[in-house]
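Written below as structure tokens is the structure these notes are about.
The letters A, B, C and D name the chains in turn, as written, and every chain counts its residues from 1.
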Amino acid sequence: MTPRFVEDVSALPTTGFGTRSLVWWGTLAFIAIEAMAFVLAVAAYFYLAFAGGESRWPPMHDPPDLWASTLFTVVLLASLWPNLWTKRQGEAESRRGSRIGLVVMSLFGIVLTGIRVLEWGTLNCRWDDSAYGSITWVLLGLHTLHLVTDLGDTLVLTALMFTRHAHGRRFSDVAENALYWNFVVLAWLPLCVVIYLVPRWI
Amino acid sequence: MTAPVGPFAQSALHVAGPQAAHIERLWWLMFGVSAAVYALVMAALLIAILRRRRAAVEPEPRPDPAREQGLGRVVWAATGLTALTLLLLIAILRRRRAAVEPEPRPDPAREQGLGRVVWAATGLTALTLFLLIAASYLTDKGLDALAHDEEVSIEVTGQQWWWKVRYHGAPESRGFDTANEIHIPVGATVKLTLKSTDVIHSLWVPALHGKQDLIPGQDNVLYLRADRPGIYRGQCAEFCGFQHAKMALKVVAESREDFARWREAQLAPAPQPADAVQARGMAVFLSGPCVMCHRIAGTDAGGVTGPDLTHVASRRTLAAGEIPNNRGHLAAWIADPQGIKPGNHMPASNLDPADVRALVAYLESLR
Amino acid sequence: MHARPLILCGLIALAAAGCRREEREHSARPIGEQGPGKVVLSELFPGGSPPPGGSHRRYEENAYHMNEGKRLYSWFNCVGCHAHGGGGIGPPLMDERWIYGGQPENIYASIVEGRPNGMPSFRGKIPDQQVWQLVAYVRSLSGQAPKDAAPSRDDHLSAKPSEQQTPAQPPRNSALPTASERRE
Amino acid sequence: MSGHEDGPRDGRLDRLATERMLERTWATRPGLWGWFTTVDHKLIGWRYIVTAFVFFLLAGLGAVAMRLQLARPDSTLIGPDRYNQLFTMHGTTMMFLFAVPVMEAMAVTLVPLMVGTRNIAFPRLNAFSYWVYVFGGAMIWIAFMLNVGADTGWFSYVPLAGPEYSPGKRVDLWAQMITFTEVSALAVSVELIVTILKMRAPGMTLNRIPLFCWSMLVTSFMVMFAMPAVMLASSFLIMDRLVSTQFFNPAEGGSPLLWQHLFWFFGHPEVYIIFLPALGMVSSIVATFARRPVFGHMPMVLSLVATGFLGFGLWVHHMFATGLPQLGDAMFTAASMTIAIPSGIQIFCWIATLWDGRPVWRTPLLFVAGFIVIFVIGGLTGVMLAAVPLDLQVHDSYFVVAHFHYVLIGGAVFPLFGAVYYWFPKITGRLLSERLGRWNFWLFFIGFNVAFFPMHLLGLWGMPRRVYTYPGGLGWDLGNLIASGGTLLLVLGALVFLANVWNSLRHGAIARDNPWDASTLEWATGSPPPPYNFRHIPVVTGREPLWEERASLPVVTGLRIDIRELLTTSVVDAAPEVREPSPAPSIWPLLSAIALTGLFIGSVFTPWAVVWGAIPLSVALIGWFWPKGGAGRRDPLEE
């Protein structure tokens, strides 16, 4: 068909943040998928606790120790502040601020991964002991997977920010990486309650 | 090869007890409603297709409503599922018309009329569904109405690929085991406790009730009653591996007297061999591979992983309903169970033919 | 693109292994066709002699046969004396010590012939194929079977880690247990 | 921001120069390298469709083998082991490797054209998802050829599929195949959601989105929330089998019913994931051939959304026979029957459209009529199955087999074939033959009903499903023979279809841009479309853009044409927002898919493969993410 020019878009920007960024939407969609996986895993936990073959929960185990998870949770929550700061630096397209923020967040990620390793030792159960052990390991494993994945992302992005590619869309990548970290933090809170506190309550 | 069974011995539309009868009534109700709904929808579709046929000859953007009504009546009268399909075929084959200009913004008044019809149809659908939900709920209640004061309590355990049947007695020493055949007295409420020791099975005797799963780690219960004497076939309805297809059972509904007589016979230990051949058969049984899995009460054979054979000769079929229980089939089954039911847990034996004959003679005496 | 031939080779290798592992033969050869040429009747049997025709390999590399062996181990009440491999009235089967030899034909002989001090003979009672299935399973108890074919966990109470996760313990022959050992 | 300012824009050059430059920018390189690296949604979409149809044919051949076996009682043509593998492969392939992928493939091909953009969102992810899908499908079929085919049904109930009752790797490979297809389905649904929400042509406000795109939007959301359930379930299963977790072992606190809940929480929405796109196709076809917009656009959209929500509330009706509490059952009965209302509304709206329109009877519309005739029966039997008492009788019987084939073949495959006839000229530039199309339709229509209608009766007369044989004399012999006969008609229909495609590809009538005079944007460009889809991004002024603007098409100008650039717009009003760069071809998606395949298959044999396999995967992903070239060139996207 014959075209009829009605609008000129050449003045539009070539990058956007938040709802104007495709990657932001993609990140949000993947967060939704993963959140659904968490929700279902927690549902499976309660199903096994109430409708599985056990009369006691946890069966023949002590509930997991609290010190490592408490430490983890405190550090994780503390990471929120530098994370939001980094996000703002990205949105302000500040190369220096983004670099500092990403380095700090990488360090947080490494420390948290270290604490997480210790945390596995405090569960007081093995994955093959019982269904309780299995679901507890899977819940913690799911979160660890996200933790490690985001750490990997952050490390690659940090490296990128120190190369000649640190311009333009990298800044929206910084903002979206921070968005994902928020999800990793927020998802942990209910999981922490389920893994560590629920066995003490029921 | 297959054990003989009557036609429709396993049919949900040839019922013999109150539970299945409730469900059958619900079926006919739903069938009737569905057929009516289907006829209406098809009629509407057909009219939609047919109503503008003249337009091709002389364009007519707003056909006369009276004529439309008349056409509608004719088509409605002609409704009938097969006929409709046929008409559809003819209608479509006869239609040939050049493409017409599309109408991107149809007339709002016409749209309103269509809207009213669509909403009415939707409302009608909702109402029909509401009625069906109510009918389903009432039927469900009806199934529960069968009083839970069972006269006979039977435990059915699904195993790959046969049914272990235990009759509870009071005291428990009056209980006994059998396999693949459930006897029940006519007119009595029967409680079936359903268990599984391996995978999930499902007990389905359509003439008496719907199905219920047998799930490891969970006991399910089914109450039923037979109102007519007869032999009703049932079958495993949840896929359970290799021989899911050949995991059948018989429910024998008989008079209270016959049932009592059968029950007393089952309680007795196995009869002693009556002659030398049977005695040899018993010896073969006890020294051969049979004892590893099978039990015969009153002898040393105490295997519990295969069917209890104390009164095997009183049963109508072998191999979970697969073959009739007679001399020839019994011998064939002992010689080559993997040929008859590949993958089942009974291994082939390599007994001497004379031994097989003796064994069959002995097993045949276990009435 | 360059990975394609590699993948293909890998697939063919997997296929060869896969076929042996996955075959499900249910047509047992009838009882009586007894296994290794000569069944040794002496109490002491030196292990380590190479398997005669390697026919038992078929069983040890095959997941279905080993799984059948596991079922029969419980059906035929081997558990009664040997527990789930830990031993009890009978010797344990999940360690590296074998009184009558830990090679397949040794174990075959133990089942078919029986052994002194309690192991009954199952000659004529257990068909040949089932004996081999049991042999394969018994060897998997001490981790002798390939890990991708050995049985995984039970669908019942777990008494021990699954055969799949049992570390391999190469059989060592040991003399008859001393009186004191037997008392333990 | 810097470096993006200069460069040739569309609208500043003459038509030929614009097209030549766009062609150079967007074209896929010829040859094998181009084939492996392309990110063009059309090429990937067509490849996806062809692959899905190959799986369809394979699974169909499996069905033919099963019907041959079941034609006579006590048949020994196929033994239980092979038969169980066959029906498992049939169900698994149809559901996971054909139905869902083919619908998503149609969307991958059509949605970017329909919303008027140059490529799909995250095109490299799109390439990746195709490779993952094809590797997963190839894995399970190669396994089947090697006699390692899964044999526990497409539903793989534990404990039968658990470690004790399914030795070997059959079920592990099956469960891993699930992982493959889920990864690819989830990736595609994210691409589609973002494409539909953010990349619509200016002016295509929410209420002007074509119904097919609406149906894909709802479908994609359903995929996002349903697929995690089956991924979790299959992961549990693999872990139970491989590292001895106890999820499904009742003796150690697990529950076999947990599997069923998780599986059906996915499995029921799955049916709608297959069915909703088909509804979108039907709407496209009906509007075009009834020569008017679909009646009741808003109710149609709301019905789609309602179906999407209600679809998640029905899973328990697959479990009525497991002995759940009665009150819960009643609730699920009500929910299951309620979903008939939105389906009913859509049927009524299409009939109203045909009623009011002036239908042109071409093959696509024929398939739509067949769809209504067949699907309504499936819907009604679905209502019956929702009633607990009736379900207890017919559950897992041939009645159910009849029901879901009426729903899935009637509800999805018929519209799909209609859609293939409808969009074939757009995709290939050639029309399919009408004459063969009619043969195709009638063979399918008659063959389908002959094959599947008797199954209703077989089920009511007590024949359970998933049996490799059945005894004679129970009243099932004739019904089975007829059903098997119908299968042969279906095979003939499929052959006619293949002949039609084969013939049309070489000698078919050349299609114009808009051979059906349809109203949606995909018809505003060439047949087949050029690599850049549209010379200028169109502007939409109504729900039926090409019918509203019959003289000329309003378009925007100002996008760069020397680099891959497309236009993103706001979610509700579709107002232009950003000139978004779009990724260039890359080999990394393929390499990532290979690495992922290695990890997945390796993990079936040893859990350590997850650790070792993560290394090449990480390398491939970093290669994918790492930006190429200097300033001004497109950087890859993160997801």
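Details
Keep in mind that, in the parts below, contacts are C-beta pairs under 8 Å (C-beta built on N, C-alpha and C of every residue); 3 or more make two chains touch, one makes a residue touch a chain.
Just so it is clear, the model here is predicted, and its values are computed rather than measured.
Contact count check for C-D and A-C (C-beta pairs in contact): higher for C-D. Comparing mean CA positions across the assembly, the chain most remote from chain B is A.
Rounded to a whole number, the gap between the C-alpha centres of chain A and chain C is 47 angstrom. Averaged Cα coordinates give chain B a centre that lies 34 Å from the centre of chain D.
Contact with two or more other chains is made by residues 24, 153, 155, 158, 161 of chain C. Multi-chain contact residues of chain D, defined as those touching 2 or more other chains: 81, 159, 164-165, 240, 243-244, 246, 249-252, 255, 257. The set of chain A residues that touch two or more partner chains comprises 53, 128. Each chain pair that touches appears in this list: A-C, A-D, B-C, B-D, C-D.
Contact residues of chain D toward chain B in the complex are 73-74, 79-81, 84, 152-153, 157, 159-160, 164-165, 250-251, 255-257, 288, 291-293, 295-296, 299, 321-323, 326, 329-330, 333-334, 337-338, 340-341, 344-345, 347-349, 351-352, 354-361, 366, 369, 372-373, 376-377, 380-381, 383-384, 386-397, 442, 460-475, 516-517, 519, 542-544, 547-548. The touching residues of chain D, when paired with chain A in their complex, are 1-4, 9, 11, 121-122, 186, 189-190, 193-194, 197-199, 202, 224-225, 227-229, 231-232, 235-236, 239-240, 243-247, 249-255, 257-258, 261-262, 265, 513, 524, 535-537, 539, 546, 549, 551-559, 565, 567-568, 570-571, 576-581, 618, 622, 625-627, 630-631, 635, 637-639.
Of all residues in chain A, only 1-16, 19-23, 25-27, 29-30, 32-34, 36-37, 40-41, 44, 47-48, 51-54, 59, 127-135, 137-138, 152-153, 156, 160, 164-165, 167-170, 173, 176-177 touch chain D in the complex they form. Residue ranges on chain C touching chain A, taken from their complex, read 153, 158, 161. Here chain A touches chain C in the complex through residues 128, going by the rule given at the top.
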